[in-house]
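Two complexes come next, and they have one chain in common, chain A, joined by chain B in the first and chain C in the second.
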Partner chain A sequence: MKVLMVDKEKCTGCHQCELWCGTEIASISKELATAINETPQPVPRVYVEGKPFAMQCRHCEEAPCLDACPNGTMRRDPETGLIYVNEPTCIACWMCVMVCPFGIINPSSSLKVAIKCDRCRSMGYPICAEVCPTGAISLVERKDYRKKKF
Partner chain B sequence: MEFIQKKTADNAAERFLPKAADKGTKLAWDRFEGQLPECGFCESGLSCRDCLQGPCISNPFRDANKLGVCGKDKDVLAAQSLLKLVLKGTMATLDQVGDFVEGVASGGVKPRDKAAADRVIAEIEALLKDGGAGMKKAFPKALLAAWEEAGIVPQGVAKDLFKASQKTEGGVAGVEETLFWAFKAALLGAFARKLQGDLKKAVFGAAPAEIEVDMGILKKDTATIILYGRFSPVLKVKIAEAAAKKKVAVMGVCTDPLLLPHVFAPVTSYGSQELPLMTGAVDLIVVGDQFVNPSLAAIAAEYSVAVVPTETLKDQNPDVFAKAIVEKALNAFGFRRSIVRDIPDAKKTALMGLSAADLDMKKIAAALAGEKIKGIAILAGTNNVKFTQDLPFVTLAQEFLKDGVLCISEGDAGVSLAKYGFLDPGQSEKHCSQGVAELLKTAGKNLPAVIDLGLAENGGLTEFLLALSAAAGKSIKELPILACFAEANRSAEAGEALSLVAMGVSTYFWPALPVTGSPKTMDALSTLCRLKFGAGMIVDTNKKREPLAKAGMILKVFNRVADPAAGDHPWTDWKK
Partner chain C sequence: MRYIIIGGSAAAISAVESIRSLDRESPIDLFSEEETPLFSRVLLPYYIAEELSKPLLNFRTADFFDENRVTAHMGLKVTVIDPKTKTIETVDKKTYAFDKLLIATGGKAIVPPIPGIDKEGISTLKTMADAERIYNTKGARAVVIGAGSIGVEACISLTRRGIKTTLLEQLGQVMPTVFDAEAAAIVQRRIEDLGIEVFTGEKALKFTGDKRVQGVVTDNREIPCDMVVLSVGVRPAAELAVRAGLTIGDMKGIRIDENMMTSVQDIYAAGDVAETRDIARNAYFLNAIWPCAFEQGHIAGLNMAGRKTAYPGSYRRNSIGNFIGIPAISMGVTHAESCALQSDEDEFREIRVRTKESYKKLVLRNGKIIGAILVGQTQKAGLMSILLRKQVNVADSIPLLMSDRLSFMDLLPILRRNADQFSEPEYKELIDTGL
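Now for the complex of A and B:
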């Protein structure tokens, strides 16, 4: 299974991943100039915070959000192992938000759904990795990710 | 994140792209692809580097960083992004004027009309000092009143540029106020361009000339110098004089082609400025700053072309400098004999540098009133790698002429169009509708399909608009004129576009100006400007619109088809 790896040495905190995730994934228009003015405001699935560091869902092997979800809205794709939100059935109870150890699930009060990264599972390549100008975000096999020394 | 499949519509230029790829020479198009995706915050005008607490952004998708450290919001950031562009553009114009005045004052050239030259220089000095009273007389009272009401009448460098630049430093000026400072700076630039044109007329005289353009004009067996970009006309003349004595050819790229009696024939347009070096038929280039890609130095080194910069910290005597340049070119020609001179077979005749004085404005006004033509389109600006080079200009000109719209070109757009024969008097009937063709036959001598007013620094556009307004007995905003910066690139073009809007000409601008992050700024550029000046700035946010669709969009306005954008032009009910 491939996961996103973020190199903290390369992340400059430019927020491009947030901007393009918000445009390509979260917005209705998919065009930056119009997405900027959409209401409700599009919610990116990646957050640049701290050192700086880009954070998105880790698609945990033992995912607490899957266990906490009371009605099976949070699901794992059996083929890819990626975890995603089945939005039509979300009851906005925010249990997943409470249990996520990385704090990356966004409780959208306007849309009444939990919003999180599905690693662009329906696209060829994750948008955040594609737009990162320094190559800080890359897509790697989970076993290689585990071998890497940070 | 737009990848451009076809780089250029210019066959002569396209020929060199595989050659560059084979040799590993990186051109503007390659570097553009390397930059993708470009910073979305900067593109939308939502970034700021005005102080050292930043850089800041206004993140459209997160609440935590919607405001900069100092509190600038998206609207102020976007309006200031435009203001900064315009300031830089106006300074580019003033720099050229300064060079010219200095050259004339030093006695480097003998003006044809000394009294007129002295008068214009005095006016330029007055303009820079306090806005000058002389220039204001040239504009109709109603237009001046509108500018007075908006507070954008130029008052000199200190009150226009210095004050305007401080709006980016702090204060609580909102979108409207910031935009009007941008308009004020833009008008100062427009005034300076008009005076520069007047000075050129007084010093060199003004007459259109039929010249040859495109890379086919390069020579196989003659030492060749290309002048790149804008720099002192006096130095250009000195180089031309010294070169003529030694039988060295002098041509130009992005430089004024006409300083009579000297002609600096345009070798290509801005977008493909690196390619003439790849022909091997250029021995030396003299480069200014404006409109010159820094990449030229590396490509020149690759093809053993000597490079001489004009704008250095140390002043040089133009006579001695020009002679040294020509000697250097001859030397370079000598040791470059082994290099193959691969000159494409592309050459077109072009009538360039027309002015209002060469045109029968009464006939043009009558054609508008009698509906022989639907309107006038101004095609201006240079190339931009975000579009297939020249394609927007060519498509717009083709569609407009076919549909009965008279086309005027200004700046490098003229060179772009000349490469496809639009400026060739012999080919004018090929492109035009009957109405336009008839008008071209009567409105001037030997006119081509597109009327070229020369580079922006000739101030030809302002002169044309004022003359047409006088001939038609209507204000500029009441005349069906639209301007299109179809492939805009330089800050000077943003400034020029704003000055056209202030004069009453609605202007289409591609690519989108860095204001798209702020709906309020976008709205002010369209609605507020229409209210104040009777013309708006149309910033198209649809990046996928093809040139043909752009032409269709603008033709709808010329054809007075019901359209929300068209409804606001004062001339849409002009038929009545």
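Now for the complex of A and C:
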């Protein structure tokens, strides 16, 4: 399966991916100037953290969130292998948050659902990779990921 | 190969999925005492609260047994396991033969020996029948006895239905196995803010009333009520295993080896009935929680289907969810003292950070995390969880771990130092290419 790869040399920490993810994926209005005033505030699924580095769900091969979810809300798309939250059935128990080894599931108390990256599964391309101005984020086959030289 | 699984909850279903990932053909017979298939026990309080209707309690779709070609015997009690002839017998005197057996019978709610316990309106909360009984009880005032996870969720559920509820706990704080006193105080205040009366350090001595319960007498008072929920804990449902002569542990759970096999060849156990090695406590322990049951069922299933796989060990993990308005997660041990096997050389440390609305605590043994409590800010709880599971030394990163700005990338130096323990592809990718 394909995973998102981030080139640490190219990531400048500009947060463009966060802005676009929050607007395009999370907001109702889909327009930044309006989105920032929405209540509840839209939350991006990508986190530009640390040094900096853009971090999204890794869609683990053995995903602890799938096992921890007590009502099958956390699901894996059999065709793409992508893991997503079926938001209508989420009961906000935060069991997935408790076990995510990357800390990328957001327990949204205002929306009462677990929020995480589904790698834009319904859009055909991940928005963060599309908008990254330096090309730091790209989509690669998992088996090729570690062959890349940095 | 003929597989038999006794039980129908997390461990059992997880084992079915693992067996089927390796063996599509062999017959699987599953026996459950519950009439209702595939419902999630941990969601029963949500059913009582009218937040989830019955179909939404399912954690797998209704066609799960058909899809996985499992013959499910719902509502059928297994009465005997015979390890010699490798058969089981059901209550209707039928015999079934197995090559591999999984005991995933879970736990039974403890019914404390309090005078008057058999009065109407008093119920445990463990089975679907329990949940329906509580849901259908017409009452105006309830007492919940035992302030563990289920007790807290039950009293909030009843409150949401407009029933005036009192929570009674005989130990000095709410959720005593989950939180320390400081975190428990935050949680208790939140519970009280919902209009629930909480009495800790107070024991139920007897129930009053003729046929139907009319009150609970404690050391300090009498609380009038017309319904009572008992949530004082669970014990392993290990009777079948005891009668079959399987080795039972100190905590009365079925003792298993690292491949989830019991003391008898080809008989496995997983979930709340199994006593496993606890990573945090470094001792055998009962961790009767959903994620452990799922992991153990998974490992048991793989081993039963022929792929030898070791279970790294269990550790407690609890999340209180959105019930109290703020997230609160706890894992491992809550205090250094609760570690069973303490050697003289072991060095324990507890680190706490408290702000107005948040609390964070780490418990370390020899520089390795053995317990964590996070209240308020919980998104990075999984990072603590993985460091606990892998038992790597984090002594030089304490300020970082206590910071709300902690990110996975900050842990890369720790991961690199212990690269052999982080062999999963997801970690390797980031170890190789990250900062």
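Everything below uses one rule, namely that the second predicted complex is superposed on the first by the 147 of 150 C-alpha atoms of A that agree within 3 Å, B and C clash if a C-alpha of one lies under 4 Å from a C-alpha of the other, contacts with A are read in each partner's own complex, and residues count from 1 in each chain.
Just so we're on the same page, contacts are C-beta pairs under 8 Å (C-beta built on N, C-alpha and C of every residue); 3 or more make two chains touch, one makes a residue touch a chain.
It should be emphasised that the depicted structure is a prediction, and the values quoted were computed from it without experimental measurement.
J.: Do chain B and chain C fit side by side on chain A in the superposed arrangement, or is it a clash?
T.: Aligned on chain A, chain B and chain C fit with no clash.
J.: Using the touch definition from the top, say if A:142 reaches chain B (first), chain C (second), both or neither.
T.: So A:142 only meets chain C here.
J.: For the superposed three-chain arrangement, provide the angle chain B-chain A-chain C between C-alpha centres, rounded in steps of 10 degrees.
T.: Given the fit on chain A C-alpha atoms, the answer is 150 degrees.
J.: Which partner, chain B or chain C, touches the larger number of chain A residues?
T.: C
J.: For A:105, select first, second, both or neither according to whether it touches chain B, chain C, the two together, or no partner.
T.: second
J.: If we overlay the two complexes on their shared chain A, which of chain B and chain C does A:19 touch? Say first, second, both or neither.
T.: So A:19 only meets chain B here.
J.: Just to be sure I read the superposition right, which of the two partners does A:126 touch: chain B = first, chain C = second, or both, or neither?
T.: Neither partner.
J.: Should A:43 be classified as contacting the first partner (chain B), the second (chain C), both, or neither?
T.: In the superposition, A:43 touches chain B alone.
J.: With the two complexes superposed on chain A, say which partner A:67 touches: chain B (first), chain C (second), both, or neither.
T.: Touch status of A:67: second partner only.
J.: How many Å separate the nearest C-alpha atoms of chain B and chain C in the overlaid structures?
T.: 9
J.: Indicate the residue numbers of chain A shared between its chain B interface and its chain C interface, in ascending order.
T.: On chain A, the residues that contact chain B in one structure and chain C in the other are 47.
J.: Sort out for me which residues of chain A touch chain C in the complex.
T.: Per the touch definition, chain A meets chain C at residues 3, 5-8, 47, 49-51, 53, 55, 58, 60-62, 64, 67-72, 89, 91-95, 97-107, 109, 112, 142, 145-146, 148, 150.
J.: In the complex formed with chain A, which residues of chain C make contact?
T.: 10, 14, 40, 42-43, 46, 51-52, 56-61, 290-291, 294-295, 298, 317-322, 325-327, 329, 331, 378-383, 385-386, 406-410, 424-430, 432-435
J.: What residues on chain B touch chain A, complex-wise?
T.: On the chain B side, the touching residues are 1, 37, 39-41, 43-44, 46, 57, 59-62, 65, 74, 512, 516-517, 519, 541-543.
J.: Mind listing the chain A positions that touch chain B in their complex?
T.: 14-16, 18-20, 22-23, 26, 31-37, 41-44, 47, 130-131, 133
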